[in-house]
């Protein structure tokens, strides 16, 4: 429910919070949601030993322990220190250790060296979280009306921020465990029934002047606005993401050997990195394709959406298929249309992997399963201005050299996503659950 | 004349070529322009010794000799081999040596190792050019009507391509000579009168649905189309590019020390590369700022347009100034408007450096002087499809991780530019004559 | 006692082991020493959390946990698998994970990625150690006479090997903790009385034909033999290592700014790495020199031996001092002479740091306190042949591009060192407790 | 003649120069040899175009033009400036450009960027050489007796230095031309008669105390002394260098695939650099081994000495062969013995490549053909002190991390070598004409 509502552009309990006399509802809603989100983080870390939580397998990924502490530091820095009178920071060193990139807040541990932070231990981070949770509970529970109004959007931001790190916690530990020579699983294997995927069809949209971006109702990141009009040409978009089986056909047709499908930078990566398949694919000794999932290694299922491909691979696949990737405006327009039907799955703690789409009609799985690369570079919307102060560093300063992804994935926490939601990664990134949806000119 | 016409979207002699009975005019026009363009290349190389023509100071830049041979190989490969019956290639090795990046044409010398090509010598490259020129003269002069029609657009492409390399020849040799410990000049110093720059003002545009892209009349690169409509919000654009004096004010206000002005990647570059000023600026022993030009080192002139800045610096300057960069659609719309007045200078072989703008009214210097960074990533226009065959590799495969620049510079050959012309470089590139024009929301 | 005896070239209980009827003594001696050595490793790891034990701060250093497992794998691979009938390996994966560099034994985890081994956990490694200890106890305790004879030298080798890793465990964790932004101490601070160092004097040796290398009595590594004669010229050697105070005089005289003192490679390192002082030295906010020790950071004590200097720094200091470093033959000859007096300290688990030498006569501290760089490259002795089989990879294959160090340090386990003992590191290495003893021609 | 005398430890005209009344002979001898050596450099550069003379294919190699200028700068700096009154330097910039590594003389062009020095041109360097030659002729011709005595050893040093660069000029241009995709030849091909190599035998030496190093008669570099005694064990040394045919047997026996033959660093290089054969070997399309020589590419001749191998390959070959490399003392002792017979060839300008040894008796080809890697690291001899002043930087500061090679090669100028001559390169270097002579314990 909550999830569906969120996708329609409102927060689950948006209605209640709007009335002035509903302040207590706001308070209890914030508290409830604070508790839920914070608890989920710890649940995600639970299968991991203190040693696992130290792993940093590349500069772009962070240790589990660091994620747990960083999101906590966010509440401490932007909520508790300014708003909770008499608050003492848990450890004055943590500002240096757990600031991610906020230049305005001060110097910090270099990103590639987060894996060297043996101290604080995983246990000490758990203490830090409890300490901050107690203080946050006090702050939300006892804030006077003016303060409550001031902090509510910051708490929303902090929770949305923590949800982003929940997803990263999983993508990062997946990358790290996969680098271990024996690739241990994060969770025990899950059995499931294999099904055939519904056929891929294309749904037509007329284009014209359409409205894009967040409408201001409920929480959104600053990069989702301002809402604005865009002129679209007629286009068609696929009913579902590309499957592993379809991607295998590309591979078997020489996809990784034929430069004519590739952007120049992409072809350079193929050769430099010796890419032959999506990340986490490997050949079994008998030659069949295996895939490493958070539940361990198993055979590739041709019906499930392909993921862990870079933008380069997505674009090459589209070229091979005689199609193209959608722009982010096309994607959002389609996602807001009544033609959108059943969503995919969001984070399922037992089986965090994209699943086959077998519903036969409508534009499907726009949300959930895999992030979908668009053909749009990550740029500011017309009229965009970052928020004032340190939280203004949240999005705007990354608006170059990245591509927009849309729709969320099987490791995106439920309730986190919206039609206007803009994710972004460099075109070579493969460690997110990133997949492909095709489009074409109508 | 020719230059102004070209900017208005037509080639100098477009009218004549349109009539069927004007084939001879087309032939003689092609021959004349072929000769002019080819001659200019050799004139630009003339001040350089064989040793200078070998220099490759970074992987992105190419030796003069290589430019001279590569543009010749282009005519040999795409014109002479397919269309001139009985043509023998000058040297069968040259395909390997002087193919830039056409995967469809075969393997080639790695780009960072072009500086290791001592053979062929500069003299042998001159021979190669004369050999191909003779064959091209024969081809154009004697082609039957059908062939003439087929080759005319390819000759246009070859000439436009050679003009691009004329500009690169100058930017690349500038980079190489500046790396020499004594920074020899490419040309003797020029005296000139210093003037004050006209004040920077902002001209308003209403926005709405505007038409962008090449209209199909006269030559254009494939990336300039299809022509299409874009929805613009009201905006204002500066009357002229930012000057060195204005940029110095940014520097003196801590521009290179304050992260709040910078995109995250840009700030990382500032620190990694220890940028303190535009490329080619250095402090004299007495502390004043000097600039290295193709005419040698001299004092910075505060009135002339700042150039050799990266996109990161352009964006940081705009942020500091409380403005922003224009999008490429805004830029093109302004450039097509009747408010556009006097242009800047294009390639002047005696004094290839941007000059002060002192005309007091209208949107000025949109063309010439400096390439202007836009806030737009280099992406395909709606409906874009690359040309078929190897020449289709010309533009489309670079459409990622680059930013669009508009307007041409003081080293762009006259007649080369158009309002729809899209140049593109990675955001960190500084060795082009790239400058800044500000814009803002209206 | 044991320690002194060992330095004189015999193992503590060498006498007893030589008689045939003393087999039980041999057995119990091996068992006792096996237990002692194995226990010390665990004691050294004890102050470290599971997270600390994961740290790998550079490719040359290994995680604590890896050291603990690798030395155990050595016993499993070279003793238990060949000699204990019915032995089952603890985990078949461990051969891949914990082989250091034995090509003959098979492939292995790349050295720079040992820090990615979150599994097995520190706890699982403890289990592995107990499992192997039980089997080793069984093997030593119950071996028949022939087997006992065969395994005794391998057990000796395994114990000497583990002692080497005890030292590395400390130098590696020191490096890792020092990289933490707050440089936590491995052990609590220790108070101690500061004393003045005895003056440095030079003791003369006549040279001539002297005997160098291990005499075959008691355990030694293969690189210590064959024993052979060397022709020495008369020389003098310093009575004690160089102190921090003496090294500070070099620094204050521009030691790190004046190329004339440096080997060419050394000067390149000074500039590239921006060396200004020994490793672990830093300036306090008030400008005085601080040193990071395993007991935490404190002021530099001018009387204590300088350590954590590279060969380059040792050679530059000697050049500045108008002296030179001793050759390894000179060093060994002096160390075997009756002029050698009191030794320095070996591993003291409470205060692992070199101490001031204040005994006033004789050649002092040849053993213990700091490893002393010699002017000798690490080369095979005349007639050297490595042992057959995998253990032959122990020393010989490293005999290039390294310099010999002699004498052991304050983190070398007691009983481990001998006059013939040859340690070796690349000339730029600084993370060992490496110091300087001067010599000169007589 | 001259050549044989030089090998016996005296300079060609040593006798004449010793008497005081023979000053005019000294003068004319110096002048004659100055002219010869200087002329040879220009002859070696003659086949190369200005562009060829710019090539720098790796940081360790220098452009031909740079060699020509650097050796000239040496005379200008160490002879003309101090000793020729009224001398004006040719160009004050050249000190920066053409200083190789003399810290005492001032800053200089970074070594890896010598290839960026398009100015001065090859022609200007020729002028520089003539200018300095005229001044040197004046200095030598007119120096008063005291000055003549002072400059004579410096002129000798300058000539020996230029001869070293003659060899480097050839090895460096070979490396650069081989990097060109079509590997042009430096000289036209030479036909020659293939012969069988004499069988490799081993000649025994008794060892004992032997004298090593330069005896002070005639010119030598400072690193060849002081002469001193060394104690050798009995050994045998091969009668000739290893041939290509013998090396092929090693390759065919899995030499590059079997780690057991290799030093650890060597094996790492094999894998990192994918070494499969000596430098400049390649397989023809039909699978046979080709070799690139200064006379172009041709089939490998199994009878000729193998060259362009690293120390690592030399040591691995010796290990495979069940032998070892000689130490430098063994080598020099053998080279000084009456058992030494016919030498190999030194620099032959028509055919600079090592030749087959087919003389049937004695220790052969110790001098000429290929530099022979020894098992000795490059260290100071006992009592070594570098010369005072800048020329003291000539040798001593490189005495670490390099291995000694002995005997000269087919590109060493005649008259340059001596039994005490010590060449040195890092163990991975392959671009010198470096080969293998085996030894073993007697």
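The first chain written gets the first letter, and so on, giving A, B, C and D; residue counts start at 1 in each chain.
Here is the rule we go by: a residue touches a chain if its C-beta (ideal position, glycine included) is under 8 Å from a C-beta of that chain, and two chains touch if they have at least 3 such contacts.
As the structure is a prediction and not an experimental result, all values here were calculated from the model.
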The chain whose C-alpha centroid lies farthest from that of chain C is chain B
Rounded to the nearest Å, the gap between Cα centres of chain B and chain D is 49
Indicate the whole-number Å distance between the mean C-alpha point of chain A and the mean C-alpha point of chain B.
39
Could you tell me the distance, in whole angstrom, between the mean C-alpha positions of chain A and chain D?
62
Return the residues of chain C touching two or more other chains; collapse runs of consecutive numbers into ranges.
none
Which chains are in touch, pair by pair?
A-B, A-C, B-D, C-D
Residues of chain C touching chain D in the complex
101, 103-104, 209, 228-231, 233, 259-260, 262-267, 311-312, 315, 375-377, 379-380, 382-383, 397-401, 403, 427, 441
Of chain B, residues touching chain D in the complex:
49-55, 57, 65, 93, 96-97, 109, 113, 115-119, 121-122, 176-177, 179-182, 184
